[in-house]
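To start, I am sharing the structure in question, which I have written as structure tokens.
Lettered A, B, C and D in written order, each chain numbered from 1.
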């Protein structure tokens, strides 16, 4: 109890200090310096209508490479931890069998989920959304499949090949920049195209598609690993 | 010519590596390499007899030059190091047998220790000095723990105390560096000359702690009895004869190379015309002499006895060096040389006995005089020298120290020095009696004298005790010349002693010896004429009215000085070691307690640490950016 | 303004859960709360009064009417990182439950000192 | 031909190989393990190729996306960053060679991918010039490390991994809050750009972001009391991973703190506080290490102690102190990295992590124990090894403008060195002179594992006997950082 009170006080102090700090930077005030530059020049320089995308993939594309690596690391970590894992017979029997509506409904919905996900990452440079969002939507489709058909397994080798290919696409697209006169990693070397069309913004859509595939396969892999925790009978992969 | 200093420094290290590699080929390659290189070092050292070379720069570090130098005083210690190491390498070949202990790196370590000590005496700046000092510590640690299971604990104690001592020096060196940005001896002296008294005292005290640990001056001696007695036989003389002398050398450099008696006298009060710092050192040394002598008397273990004796004898060296007069310092330095010779001799002789009998417990031994006559003779010479009886070498140096104390009218110290000397008679008698006299236990009836390789170093040292005993001028030649460089008044000397009308009374060892021999012969003749002596068999003995048969040998060397022990028991109870152990244990308990309360294994606790750190920062911010 | 306060409270609540709660799942929820709080904070810093999303989806949108795009980009990254962290954390919790048979953090302390 | 002296390659090459491993993992099964070796060999080449450039210009800056900073992320390698990235590449290379023979558990391809990612992330943390990018690199490192710590999947590994994960992600959140505060204050994320815009901030306004970033990085950098995960995680991880975690991760995190403190947060009031942190870290690390029975745990605590030592030297805030800190960092990375590799081989042979079971190994695994002794000596700071020079420098620097507190801390440091000597000598004497009771057949580690150890040991010996180039280089690096040359150089070279 004393502990709770003491730490509540501590946390109150921290919040107070945070509030004091941010009082100097009030909500809604324009604090942009670099951001202004992006807003003013982003369209001309990258050809993407969505400035957030141009920041994520172009100006700060290297962050995104890191982000992709983080996700990859997490997927690999989960795969390591659940390697050779499997549920006991009891646990498997405890799984409630999904009812008819769920099974049929998920079959109908699944293709639409895939379609929607792909739409989101293909249009990442035009509308809100992008590879990550699209990828996770696709992975949620897989999750639905797992829930309605507990015995489902995905082809893990296939997933990791997609994962690797998508990652390599990103890195190789970046590396091409080093062979150009601009000598800069992730240089947007393709023509910018016309604003607000699908084929615009140079390499950005390609990267987002790659990311979409990568994220989808990684999340699907994580879901698969976690499901396997129960449905596999030890020794599965 | 000067490049040879660096070559000389490198020789033992190269030799050590080659011995290690050569040992992979065949053990005789290892022996040959070790002997060759230690001999080479000795030869290179002899080249510098009485030479003075200042400042051979061999590198630089953090803006301070690294310098090698030599002068006659350094040469004296260089001679001790190289000569003893050479003899010990030879002795090791006989003593350390391949099948007893694995010798993979023994000779490497031995030569490394030699190299490190050469580095110490050749160092011309404190970084070089400290570097080789540390190398000496850890290489000699590996030598000590060659002695088997018990020696590991002893070595552990040794290395920990050495590190503590070394770091104490380290602080002083860092203080000096920060002050002058140069650690060359001359610059250090200049720095100290312009520093406040507090600074000087702190520097000397901190450096002194390092030296005193190595020199085993009480109360920092506790590592020595264990380490010396548990180390392998050839290593003990190296430790006792040579390694602890490095402490004395360092003390000399600090007191007279950096400071000087006049300077010390200017900044601190004097007692008996001695600066108070030196006076305290004198008392510590005197305490070492007396207490260690008492402890030596009580020992049952031959090497332990010699180890305590080493503490006592190094006390004379330090006492002499700390007197601050030409005579006393010369006596101290000379005693360092003498002690190296006779203590090396004693340890080697005892090592020879251990080699044949496998024990160093005095009460198990006895009557070996007929079985090992050469060793007996050598040991006899050694103990005579140790007890300070003319014409052997211990006499002259002790005499000089007494004389110096007498001239300064420091009576208490003189009495303590005398007590130490008298006590020495008791324990050396115990040593030779229990090993060689008395009755021969049955199991040792087949004992032979040791092989020639082991006898050679023993005899060389035995001869040296006589040479330096009769011709003290040989050593004084170097010492006086060297002390002139450090600003001491030269003392007159001749080859045979000291002429009349100089700083001390006339002393001619030959004459004194002659008198002594005459007296001895007279006493013996009287003994023969007057007493009713008769010749008896070694086994003709009684105990409780029963004739003791050879099987039931009566061995009365256990509890030899029991009654004396009862008298001094209260002193022995002081138990410095117990105090140290107490503190170490307390620190351990304390550390354990706090460690367990911090790393509890509980994630909540760990997380709350993070929050606490952030809270502290937040409080600081709320208080307006003030942190305290 | 409410966004600032909300984000601070989320962070504080998350920290509270992490320190005080004994259940591993609740600790994970706490971690997620902290992360959400931080993300909310980032987004609210980027807000400009009256601004719109930084997307030139139709003609007539001017740069001066838009909010800062950088915080949004940062949040995107941060969210993904949080999600990955959470996936890994859940995996750890599943295994911990398997080994220790409990979700009580106080009982999971075989490694200490 | 493309110019390979580009710091960005240091990150991109390992990432490329990581994804290649993922791609080829399914059909190249056993061949996958050679990919990290290639990756880090290339990295080593790149980092060595950077040397002449850095020596010539003082710094190399690489832009991304064809835009100039602060509008795009840049990678900036200054002298110290170069040195650390060489060490990171070297350690990564050596450890990946070691992995060829060490890792026999499945899933191998995941392990190698994560391992490559871990080292890439660390290099990334060292060379990045953008503060949010630093956070991303931090997370790449952390998440790769979480998975690797749990690699053995036994009870201890899972627990350690979970603890590390919770603490690490709290740390990540704090780091992010700090970064966001800086962004709110300056509107930019480039380190040099921020540094130029923070001059108008009050101390208070700078202190809070600093405290947040310090907390975040301090968790990774093993500063007391934020380091409680470390003694659990390092022993639980496979030895090659421990070697990287211990050798580079703490160093990289502390380096990040040093760089941010000296460029962005240009204040002096804080150093006394940092010094207290450093001393506490030192004391608790060394004292706890003394009581350990588990050898890897002992080394892990020793890492904490070493971190405290070089963090102390940094908190002196002088050129000499910083130089000492850098030297100690190099020493620590090489020797502790080597020690973990050696110990991994020994544990493999003995089958136990208990120190008492190591008795007599000195005779059976001669080469390994020889290098273990060298590493231990260098950590203890015994001459003639490199640790001696760095300890000398640190103590000299600490007493430079000595006040009573500094003298007391020097005494503490030296006392803790004695404690360090106490446990390392205990280990050495058990190894060389202990008697093995159990009858186990112990052989020398395989040649491949020895190769890694010998390479690191040789590098350590070389810089031990020829310390002056390293010392001079570190002096220049320290002077550059203290004199804020980082900013001027970056401005000159178009880092902004």
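Here, contacts are C-beta pairs under 8 Å (C-beta built on N, C-alpha and C of every residue); 3 or more make two chains touch, one makes a residue touch a chain.
None of these values were measured; they are calculated from a predicted model.
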item	value
Chain centroid nearest the full-protein CA centroid	D
Most widely separated chain from subunit C, with each centre as the mean of CA atoms	B
Selected interface, A-C versus A-B, where C-beta contact pairs are more numerous	A-C
Rounded Å distance, subunit A centre to subunit B centre (Cα mean)	73
Centre distance in Å when subunit A and subunit C are each reduced to the mean of their C-alpha atoms	15
Inter-centroid spacing, subunit D versus subunit A (mean Cα positions, whole Å)	30
Euclidean distance of C-alpha centroids - subunit B vs subunit D, Å	44
Residues of subunit B touching at least two other chains	595, 599, 601, 603, 607-608, 611-612, 614, 617-618, 621
Multi-partner residues of subunit D (each touching 2 or more other chains)	132, 136, 139, 143, 146-147, 150, 153, 158, 161-163, 166, 170, 177, 184, 189, 208, 231-232, 288, 291
Overlap residues in subunit C, where contacts from two or more other chains coincide	11, 15, 18-20, 27, 45, 70, 74, 77, 81, 84-85, 88, 92, 95, 108-111, 113
Chain contact graph, described as a line, ring, star, complete graph or other shape	complete
Footprint of subunit C on subunit B - complex, ascending	595-596, 599-604, 607-608, 611
Subunit B partner contacts - residues on subunit C that touch it in the complex	15, 18-20, 22, 27, 105-106, 108-113
Parts of subunit B lying in touch with subunit D, wherever the complex brings them together	59-62, 102, 104, 127, 130-132, 134-135, 137-138, 141, 145, 149, 152, 155-156, 159-160, 163-164, 167, 170-171, 174-175, 177-178, 588, 591-592, 594-595, 598-599, 601, 603, 605-607, 609-610, 612-614, 617-618, 620-621, 624-625, 627
In the complex with subunit D, residue positions of subunit C that touch it	11, 15, 18, 24, 27, 31, 34-35, 38, 41-42, 45, 70-71, 74, 77-78, 81-82, 84-85, 88-89, 92-93, 95-96, 99-100, 108-111, 113
Subunit C - residues contacting subunit A, complex	1, 3-5, 8-9, 11-12, 15-16, 19-20, 44-49, 53-57, 63-64, 66, 68-70, 72-74, 76-77, 79-81, 83-85, 87-88, 90-92, 94-95
